[in-house]
Amino acid sequence: MNTVKAGVVGATGYAGAELCRLLLGHPQAELSAISSVGFQGQPLSAVYPAYYNICDMICESQEDVVEKSDVIFAALPHGLSQELAAQCMAAGKAFIDLGADFRLESEEVYQEWYGGAFTDPALHKQAVYGLPELFREEIRGKKLIANPGCYTTAVPLALVPALEAGLIETEGIVADCKSGVTGAGRKPTQGSHYPELNEGFTAYKVACHRHTPEMEQTLSRIAGKEMRLTFVPHLLPINRGILATCYVRMKPGATLEKLRAAYESRYAGEYFIRLLPQGQAANVKNVRGTNFCDLSLFVDARTGTFAAISAIDNMVKGAAGQAVQNMNLAFGLEETAGLKLVPMAF
Amino acid sequence: MNTVKAGVVGATGYAGAELCRLLLGHPQAELSAISSVGFQGQPLSAVYPAYYNICDMICESQEDVVEKSDVIFAALPHGLSQELAAQCMAAGKAFIDLGADFRLESEEVYQEWYGGAFTDPALHKQAVYGLPELFREEIRGKKLIANPGCYTTAVPLALVPALEAGLIETEGIVADCKSGVTGAGRKPTQGSHYPELNEGFTAYKVACHRHTPEMEQTLSRIAGKEMRLTFVPHLLPINRGILATCYVRMKPGATLEKLRAAYESRYAGEYFIRLLPQGQAANVKNVRGTNFCDLSLFVDARTGTFAAISAIDNMVKGAAGQAVQNMNLAFGLEETAGLKLVPMAF
Amino acid sequence: MNTVKAGVVGATGYAGAELCRLLLGHPQAELSAISSVGFQGQPLSAVYPAYYNICDMICESQEDVVEKSDVIFAALPHGLSQELAAQCMAAGKAFIDLGADFRLESEEVYQEWYGGAFTDPALHKQAVYGLPELFREEIRGKKLIANPGCYTTAVPLALVPALEAGLIETEGIVADCKSGVTGAGRKPTQGSHYPELNEGFTAYKVACHRHTPEMEQTLSRIAGKEMRLTFVPHLLPINRGILATCYVRMKPGATLEKLRAAYESRYAGEYFIRLLPQGQAANVKNVRGTNFCDLSLFVDARTGTFAAISAIDNMVKGAAGQAVQNMNLAFGLEETAGLKLVPMAF
Amino acid sequence: MNTVKAGVVGATGYAGAELCRLLLGHPQAELSAISSVGFQGQPLSAVYPAYYNICDMICESQEDVVEKSDVIFAALPHGLSQELAAQCMAAGKAFIDLGADFRLESEEVYQEWYGGAFTDPALHKQAVYGLPELFREEIRGKKLIANPGCYTTAVPLALVPALEAGLIETEGIVADCKSGVTGAGRKPTQGSHYPELNEGFTAYKVACHRHTPEMEQTLSRIAGKEMRLTFVPHLLPINRGILATCYVRMKPGATLEKLRAAYESRYAGEYFIRLLPQGQAANVKNVRGTNFCDLSLFVDARTGTFAAISAIDNMVKGAAGQAVQNMNLAFGLEETAGLKLVPMAF
């Protein structure tokens, strides 16, 4: 197999820079070109000095990236991917979108939560939703992949086995999520200004975050019926990581043993899912820099509640790592290629 | 009114040191004596250099503290307060316990969660539960006060007005709580070792934390019926603060407007409760060092869920500040005396 | 004595907000009015929610502040204070400038490091330099006070007693300083963006920071001869605090004992200077929120080097607290009024 | 070339765990066995859950490690390596010591700073000091290598080219160093307890740290004359990294240009040394997880002072990475094998 030429549009944002890190270490892909609106003509290492002497590749134009690459990853603000995707399709290139433009199947829902229209509905029909552990077979060999959001990876992975096994109710689900700050991007804001965030902790976009319909779409698809959940994100004073604590009432007869068995069975063979030993709680620290999703399961027998806790690195399994995993599937590579990273333990 | 002589037993722990801070600034109380098992004979400032030249008071014995004080605050490990309380009662002194020994009314429940017995049941009968915003009248003039735990302050204050107004269901409550590290005390452990906690975030004691029955006792008392809830604490990489995100299904007819009205009415005149403007989320940062409990209310109309979020400083409203508030009530002082602190804004 | 009406121009910046905190708690001053260019018409608590229900004072215009106040504190970007100072002088008000406009005596030096001219040289002649521990008598009763910068408080306080006692050389001084992030202000920048600063540490403006000539001016004045030093600031991933580690060769015959004696004598009776017990190192944590300057002295006998380490809160002794101390001196109040704060110990 | 079997004694400490990370990713070495006194019989992943499913290798005895390995890395408390080294030599194995036992050539100096004796002086004669950029040729093919300490890597690398080029004085050097907390090890202490370290910053072991004579030994060897320096370490509230800000007077005629030229020439071809573009300051963040030493050079022409600033990851170039670099040299592998890591950029 030839080396896959992989280009990154929006390389100087956090997700883009993380894609560069992973592609630089990928044994069967090479970083072919990068672009950045704000830093065109400058080396990536001018923006990220950690890459000095490692990746001093110059930021070019989007067009350059499309031309030089077999697959184009786009880490762009929402709304900007549809035109680029069309160009890639026209040029016979694969396109993996880290934005939200192709994630939602319903244009109506997209309009409600994102405010824009589908500019090319036929294009949306081609897109597959790239959550490999749930929809692997659909992704293989595809050209247009919508990479899920960070919360929308963590929450469904925590709930799906219980849902598929019929051990939990489909109503009244609460997803209380906590995210590191990189999820808000590289652009400085008052909320991410060090003195204001440090030693602070708060919820934001309570019950109105745009990832809500995307999670519901995934759960509904799995359940075969329309599902809703309450989603409340919080902002952690750390750089990376999402912890999703998901609460749901158990169905009569459900037990911790049955639930663990369902997860073990459903995720058997999934390299990137680590079901932790019972009693050990998932910690965002342990997945930092990796494509793992760590899972812990708990039952509150006193109230009949099941608590499934997942931890991912929002920049890896929640963005760039999953995108590479999707590239691997799309190009017929080993699914874990370039992603078996040994993390720092502390 | 004479100055109240206030002594602190266990002054070198975090709650004890915070009590010293508040008492040193109290206009109608004076710090009369302090004790510490580990640092007897040493000045408080040897343990907390921030107090150098401010409070170089020497740690004495428990007996000295009892003798020199009108009120004795005890910040001791669970199980050690009952004997001391008896001594104080015998000596005609007031006793405010920051530990758990007198919080639970039921010995059976205490045994189940703490593993010990009530050594003197008659003494327990004298104890009142010191959550002033809920049980103020009972506290006035009392001699033996059980100061609530930190989570057990944050969660009931978030839920009681909705419960009293009959706007929420009494089943299926979830309290997803996040606490700063000082809640675990001053003794170094692996879990509080800087490199292991920093950049990490995890749940702990999932659905089995000892504060569970204490919360249920308070809510049950308010509701007039036995209530249960699912309580999951998490550990934040910050020093101070608890954020309690509480989820509960609304009763038919409940709305955000009705809920806000219930809170405004219930907490009218409560200096330490700040119901934030709608849309602004409570943040632990904004209550640091103060006795405030900030509250935010949200409704997820799509799922019929009410989310009440409270923020307190676990060391102040969750420990030392509330203890001083209780002292003020017990001794007939202005309830806010010594507690109208202007916090650092950043 | 009547209450001093104190106004703050630039109240929504960090130094301004800290002034509000201190003035709100001052027993002989009242916060009379505040202004903010960016938030005029809005309450201070809209910018700093920690002040909600504590200080909801509305931001007015500069003119309003001048009119309503006996003393005007200005926390403005450099270059903007001279005109305001002239207005205050004309109106018979006192003016305390937290910016750099009046700190340097030499217009030539000011032009070299700040790039502007003295718009009103006569005005500059009226200004006194407000470092009370060094120039107390000059400050008493004055109307126009230049409040020193943060580094320029920490470094001279660490070195002056040794210099006055003739125990150190006057050449080859190195001031290696480390500052918390609030020193860079409230405006978000890439350098203060949480993910970029967190877990990082670097020097900045190496040997070219604008505080250099101000330190040299103070040391030269004390030494009675022109002095220079090498000043390198670093940025700490914490909110508050400056640690200044100052290195200088000892003169023959100098010893640790003689040095300590010089400091003890020079700073005897100085409430805000805490010379720590020998062997205990100054820590920014222990002065947070206070007007203290903690000092530690060390001698490296192997190399003949004296290391004096000072710690201040850059927002208090390095800005707002010292400004209040200057106000107290200017208005004949107790110098420590409003500044005897009991800090949080952790 | 066969794969090198590499064992780690003391694998559950921070340096040991970091060695495991690097060896697991090394293309020509394999992690053959690990030992731990405190966790014998348990998997490494029980101590470091980040390694779960990646390295669940069981901790064995020291003897097992020696037997199963070609090279033994020892990350032990000072004083415990000499006996183990003798065993390895007797068994014909290579031994790389991350402790201090073999670093100092003079037994007298060792006794003065560490308090113990050389138990086997002949063994010490065999040891080479493993700072490859300075002493590469001596290390090749050796069996007994003393891996330098963290500060003792950062400071000499910052100063040697200037020293060799005769551009700086050899007296009056100051090394003001700042280290992340992992340098103090995995064992919890009061000083590394999260609430006490967080938001704090202080110096420690001022002018009396044990790394002083080791730095002096290296500089003296390079200079060909006895050299001394003043070394003051500080503790940063971050996990990883050392920043060394080194000050020294320039000799007459020295300029920034000459200094840069000396560094460029001396470190030409050194993969792990990154001389940053002029004006860019080294930041510990940019070397995290890597074996790089970033260097920035500054001249304070006003005072004739040269400031050389180096940044390393104390756990990698300051410990485990340099040890692997030494192994590569000792076994004739490519010196960068297993160490060309692409770091996380944020």
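Per-chain numbering from 1; labels A, B, C and D assigned in written order.
Methods note: contacts are C-beta pairs under 8 Å (C-beta built on N, C-alpha and C of every residue); 3 or more make two chains touch, one makes a residue touch a chain.
For clarity, every value in this text was computed on a predicted model and none was experimentally measured.
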item: Labels of chains that are neighbours to chain B and to chain C; value: A, D
item: Pair joined by more contacting C-beta pairs (A-B or B-D); value: A-B
item: Length of the line joining the C-alpha centres of chain A and chain B, rounded to whole Å; value: 39
item: Rounded Å distance, chain A centre to chain D centre (Cα mean); value: 37
item: Centroid spacing, where centroids are CA-atom means, of chain B and chain D in whole angstrom; value: 47
item: Residues of chain C engaged with two or more neighbouring chains; value: 14, 182, 186, 195, 199, 237-239, 283, 285-286, 288, 346
item: Residues on chain B engaged by chain D in the complex (per definition of touch); value: 14, 180-182, 186-190, 192-195, 197-199, 237-239
item: Chain B-touching residues of chain A, taken from the complex the two chains share; value: 171-172, 174, 176, 178, 195-196, 199-204, 206-207, 228-230, 232, 234, 236-241, 243, 245, 247, 249, 281-286, 288, 296, 298-300, 302-303, 305, 307, 309, 311, 346
item: Sites on chain C touched by chain B in the complex; value: 14, 17-18, 21, 24-25, 48-55, 182, 186, 199, 239, 274, 276, 280, 283, 285-290, 294, 342-346
